[in-house]
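Structure incoming, see below.
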């Protein structure tokens, strides 16, 4: 039931969309949900007025401590009534306020969404849940403030409001998590009962500050107040709703809600009351000087929020009661004032009080309403504002402070009262009297539609009724709310209109008289005020944001500069650090251990390698030459593998190297075959140093690797190769059996690379150079005779070698991969000797399909073992006796190796033949 | 011999890295190739080097650790696929971008937000 | 039919022998495999070797090979001496050799033979295939060089390739 | 018998190595490309051939049966070396490499 | 005896390889360098055969075989590049 | 088939890809259905695997029937499952989105897409370090190719950078592997873990160095400082569905650090806790860099790409701090941020599809507005990304804050998390108000319900993440527990005789 209550506004948000263009229907549909919710709430209010609460709870994320707890006590009830009640009035008001161009369904949907979120805050019985709704109000208010999104001030105002309240929300999140952690629960009941534990906790101070930051930003307390005036870019119903009864009240609601848990320390008093005091004064002062109607109201809102905050800061039960009371009163008179301002704006087309004068003549009804509400705001007796303000004055006197500190609160309170009276008077006098209107966009103004005034009338009636007969009208509600705020420790207080001639009354009188005087001398004050340097917080804020954006952009550009060389350098520097940190931080035994003896031929090989690699690096700009040197390095590496008993590696390295060189040659046809010197000498030295460091690091690690000896898996592989894998070439058995899954991935890589290259070369049109690097034309003969002729028998010979290497692979160096590459090289030779078109026209095989078949063979072979209930890639091998041939050894790994073979052939040829065609196409076109 | 091989590996890496830091695609590819060679040797050396025979179970006597060899084989193949890819990619870059410079800085800088 | 199944019968035989050499085993299984290889490779790659070379006297090939091997060994010593001696005394020359052979394979064999035998490298075949360009390391008399090649190599090749 | 074969092996190995060196020496010292071309294509090929013969003799008694697979390498070399030389010469002529001034005759335009 | 001759031969072939390197670096033309590389391939075949005999194993033989094959292929490819720029056309 | 469940997440995409290779000639529709079917089967596999894991605990799968540490073993535990599901959800959205037409640019899109999944899934499952390298390569080469999907200058340039850096990264990976093998003599992760506990002497030096190098390699994948700068342009250049799928790629790096550093450099031995401080510092710097990037972005692609960097920082810092609770929270965040950034990339792509190549640049106020449907979707994505309720981002952030609060470094982490959230808030509110409000003219042409549906589906997933956070958090907690129970892992992989 309680969840339905909470869900109603959200569900109701969809309803207005059903109304289409029918505005009355739309508004009625919008009103349905809040009306139902309000009715339901009032019907079930009994226990609440008895000091109890309506509670329901289901777990949502217990791990997080997040339960969906709805808990409606007096305070929640009070706010819920405000939210729903004023919300209903706003819906009615907005029906007439919005013009035909504004999307009504969108407006009502957002408004109801906001209403639901606000309702969620006040009825949450779990702090995390409350936080959820808290942030939802930020989002909703962003969307509402930016409702007139075509207006720049609306967009910027919305963003600023979101930035401040969102930022505050983050602090609140942190604060509440800390709070929950201190208490061990986020359930409100538990938290409220744990005040002593909380205040004694070492994390109390940071937690409190974080929570207060959340509350202050939301309630626009100094120094986070500046977003509120700019939020006035919203349509007036939004301002009337958000900035009287709801959004900004969320902050003070939080102060009230957590009052029993958090208050009662000097830190609380200091922070809360100074923020409140500052806001109270600044708001009241600035409000007087605003020429914009809504601006005046916005700053007065600030001031009243400051007042409420200050009251909570007084840290006494009575002050808290006063605060709750003022929350109610402010909601009523401020909502009505905003609506009145909206009516005036609506009817005159402007909100500038320098142009709006003497409206009394044109719209007396509205004027009366506004006057009553303004009187309430000014704290005139018999109005509700008077009562709470009197309580405020009284409390400011009874703080038990001494010395100057004792004087400060009453002084500030009175001063603020003075200004409050002054701007209230200005709101009335400047608008409804003060001569004739000047140059109004809409002239003559007249009374708004009847129904547009009804919400104002209701609210004004409340102001007066409360002001005249507080004990009857408001006492039960206030009792319930204040009682809940104080967690049941409600002090005695009296809600009388007349308390006798006492100091607070004196202060009220001073405020009234002082306010009138100030207003009387307003012109002198205005000119004085205009001479003060004006601080435009909005501009400061936006400038700050823009500046930090520019800074962020510049910093980002420094590192993310699209320079591969810089990216590489950064990475290599990290590499150097990693290598040397490894050497530095652990013990290193640099003693020369027993090593293999060195022989002259190996040294010669080493010399070859060193010189070839070094010269490659030095003369890389002569590219063909560098490529030849690279071949030398490859050759030496292969021979090195042989030198250290790794024939399979040598074979693989050799074939891979030649295919790589072919590839690079193909590429060099298009790439410039020499390049200009680009780097500076300093750059080259820097790179050389970096390279050397990397080289030293890696070399040192290599040295350590070769001089350390740990037990390795080698013995097992050697022992298992024949019995387990059915082959004597252990390397190959590892590849196709023990670690066949690696090979499986490896051929996949090859296949993908081929596919990728195939894709890269599609629609790649490169201009074939017509002259060689030295500016000479190319040779005329495309396919020299002798090469062509020799290539024919060579093909079969090479294929024979390939087959031979394939078949022996399981027992002796070789295997599918090398065989596949040899086959590819043999076929490539045909391309080189005879040309692409000649070969392509004779070989029908589709390399992509060959690749696919290869992968499939490997895959299917691997899955074959499933039929024997063995894991993927389990091999089987055995002996088959055939007539004539005799005993034959068969291993399923051979089948897998065939898959490898086919993949390699398909992939390699796919890459190279495709590339070969790129140039040939261009030459054909160019008619070489 | 271990020292010799370490020096060779370190030198290959150094040369490769130097090439890697050049501004054009071709030396970068060559640098990567040199690094790949060095890494293959490095990985191979992780099993220690011996004068012992090849890891073939039919022959008697000592043998070298076969596992690093199998790993290097896989690494060589993968390295080959990657090298092939980047070679073609540099061609594609040449075709698309009009030159073989590796940096993008010379494109008009994006203006500030 | 036969020609289709065995596009290059002699070559097939050669392949079979090579297979056996490589396998270094002469068991029944290997022989069968060798025959299979000898037949299969030329058969399956026949698309890439479409024309069967016109071999008139295949057996004469053996004699030719013997000659060439002998020349290689003997004359290599000569080249070795030339290399070791002072380079100043060498008299290099480009010599044009007018071809009598017409078959592509025959020309290729001749050119390769010339390259293998000492002192000469066949540097080019004219586009019309009427002449070979030969570079000689040390030649006194070009006519004599042409004549000796004609006698020693081209004539036997003409016989072999009909 | 064994001694004889051993002797032949030793001679073949040394001679092969010597020819190899001579070929490379020719490559290093001869004055122009075309002349250098002669060294490797012949001397070196023969040198490797001799070493292969040594290998055949060496392994035949050690392995089961004749070790003749070295012939395969030789065959490859003898087929390919002249082709390499030929196409290298063509490349050189195309590149207009410097010739020894004493050279008679002209290379062909490529 | 054989052992000694093999060691000597290996040193000699090593020297030959260094001579090849000299020519490779010296040039002056790309054709010279390519020729040097080609010779290097052949010399390394010799080296591998010698090493196999020294170790008394035929396991390295296929490497020699492959060098013969690919040495040729890469020499031809580079030469073709010098001639035509495009090795597969 | 249940016995082979752990290998199926690798084989199913691979089989799909191979089938699609042969299907080059089939109609586009057929290929799409096949591709989708592959994902559906994969989903079924994951569901079954989840059931098995819930019932029987983590599963080891010994490929080739070779016992660890000799053969390769796959280990499917809740951590793997968590990441597999995240990948699957993201991939499904990306694929369905791509099937609206982007897949037509290149016939091999679906092939590569499934190969990409194969690589990612393999990386999440393998229990062998070298095999991890292999799967890294599979996923990398597939990503290189997918990155180029569609072609164009920006993609080519980005690919060149991305590929080069990753090739260097792969080399470093291999070096690290060599050092580990040399120092510990094995490659099986469980076995490595066991031996690492007793490492000393020179082997310790090598193992330490290897640890740092692995950190570097995985840091590159995860785009950590100083190797993050490649990411924004790369991701921004990729086509929409590809960029969306790439949102999981950095998480592979995160996963790798998580798994390897827990197993190898976790609790025991002289190298316990290796790199934690460095990782934390680097993660915070990454977070800062990501925040700056997000703040300075001027189009949705770059904003989303920087989001990826930022979230990598958040994740890695959590990894560095460790602890079961925090890791559980971090996994929840991982799933959330992956899907949220995926949604953002798709949104950016959708806007560009409709409004042209620069349509997501909010400086261009004169362009038409992307319209209300995309506006609402953007709002949802932004709310999730910034970490506002009621979507998953808020709860993820709350979880992270809560779970990290009693760590020594928690103040830094809180500051970083909250600070970055504020920056995200500023950035996203500006982005949204400029893209959807400032451009108030007519809406872009080409409204397409299907696209909205796909995006809405992904957005709904974010809501589901939030609503079902309790069961999800429990699963994430199980994942973290499986990860941290190193003894159980060893026991599972190495069997009883291990010790």
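We call the chains A, B, C, D, E and F, going by the order they appear; numbering starts again at 1 in every chain.
One rule holds in what follows: a residue touches a chain if its C-beta (ideal position, glycine included) is under 8 Å from a C-beta of that chain, and two chains touch if they have at least 3 such contacts.
These figures come from a predicted structure and were not determined experimentally.
K.L.:
Suppose you hop from chain E to any chain it touches, then on again the same way; how many hops at least until you reach chain F?
P.N.:
2
K.L.:
Trace the shortest sequence of touching chains from chain B to chain C and report its length in steps.
P.N.:
Step count on the best path from chain B to chain C: 2.
K.L.:
Comparing B-E against D-E, which pair counts more contacting C-beta pairs?
P.N.:
D-E
K.L.:
Point out which chain occupies the most central position, where each centre is the mean of Cα atoms.
P.N.:
F
K.L.:
Relative to chain E, which chain's C-alpha centre is the most remote?
P.N.:
Ranked by distance of C-alpha centres from chain E, the top chain is A.
K.L.:
Work out the mean Cα position per chain and let me know which chain is farthest from chain C.
P.N.:
Checked the centroid distances; the maximum from chain C is A.
K.L.:
For chain A versus chain E, what separation do you get between their C-alpha means, in angstrom?
P.N.:
61
K.L.:
Distance-wise, how many Å sit between the C-alpha centres of chain A and chain C, to the nearest whole number?
P.N.:
Going by mean C-alpha positions, chain A sits 75 Å from chain C.
K.L.:
Based only on mean CA positions, could you tell me how far chain A sits from chain B in angstrom?
P.N.:
Between these chains, centre-to-centre, one finds 39 Å.
K.L.:
Give, as an integer number of Å, the spacing between the C-alpha centres of chain F and chain B.
P.N.:
Here the centre of chain F sits 27 Å away from the centre of chain B.
K.L.:
Using the touch definition from the top, which residues of chain F touch two or more other chains?
P.N.:
Where chain F meets two or more other chains at a single residue, that happens at 130, 134, 137, 141, 144-145, 148, 151, 157, 160-161, 164, 168, 175, 178-179, 181-182, 233, 296.
K.L.:
What are the residue numbers in chain D that touch two or more other chains?
P.N.:
23, 25, 37, 39, 45, 63, 67, 69, 72, 75-76, 79-83, 86-87, 90, 94-95, 110 - these are the residues of chain D that touch more than one other chain.
K.L.:
What parts of chain B, by residue number, touch at least two of the other chains?
P.N.:
20, 25, 28, 42, 45-48, 53-54, 56, 67, 71, 74, 78-79, 81-82, 85, 89-90, 92, 102, 104, 107, 113
K.L.:
So which chains actually touch one another? I want all the pairs, not just one.
P.N.:
A-B, A-C, A-D, A-E, A-F, B-E, B-F, C-D, D-E
K.L.:
In the complex formed with chain E, which residues of chain B make contact?
P.N.:
Within the complex, chain B touches chain E at residues 53-54, 56, 59.
K.L.:
Inside the complex, what are the residues of chain B that reach chain F?
P.N.:
20, 25, 28, 32, 35-36, 39, 42-43, 45-48, 67-68, 71, 74-75, 78-79, 81-82, 85-86, 89-90, 92-93, 96-97, 102, 104, 107, 110, 113
K.L.:
Hey, which residues of chain A end up touching chain C in the complex?
P.N.:
For this pair, the touching residues of chain A are 780-781, 784-786, 788-790, 792-793, 795-797, 799-801, 803-804, 830, 834, 839, 842-843, 882, 884-886, 888.
K.L.:
Going by the contact rule set out above, which residues of chain D touch chain A in the complex?
P.N.:
Where chain D meets chain A, its residues are 72, 75-76, 79-80, 82-83, 86-87, 90, 94-96, 110.
K.L.:
If you look only at chain A, which of its residues touch chain F in the complex?
P.N.:
Residues of chain A touching chain F: 59-66, 128, 131-133, 135-136, 138-139, 142-143, 146, 149-150, 152, 155, 158-159, 162-163, 166-167, 169-171, 173-174, 177-178, 180-181, 545, 548-549, 552-553, 555-556, 559-562, 564, 566-568, 570-575, 577-579, 581-583, 585-589, 698, 701, 704-708, 710-713, 716-717, 720, 724, 737-742, 745-746, 748-749, 751-753, 755-756, 758-760, 762-763, 848-849, 851-852, 855-856, 859, 862-863, 865-866, 869-875.
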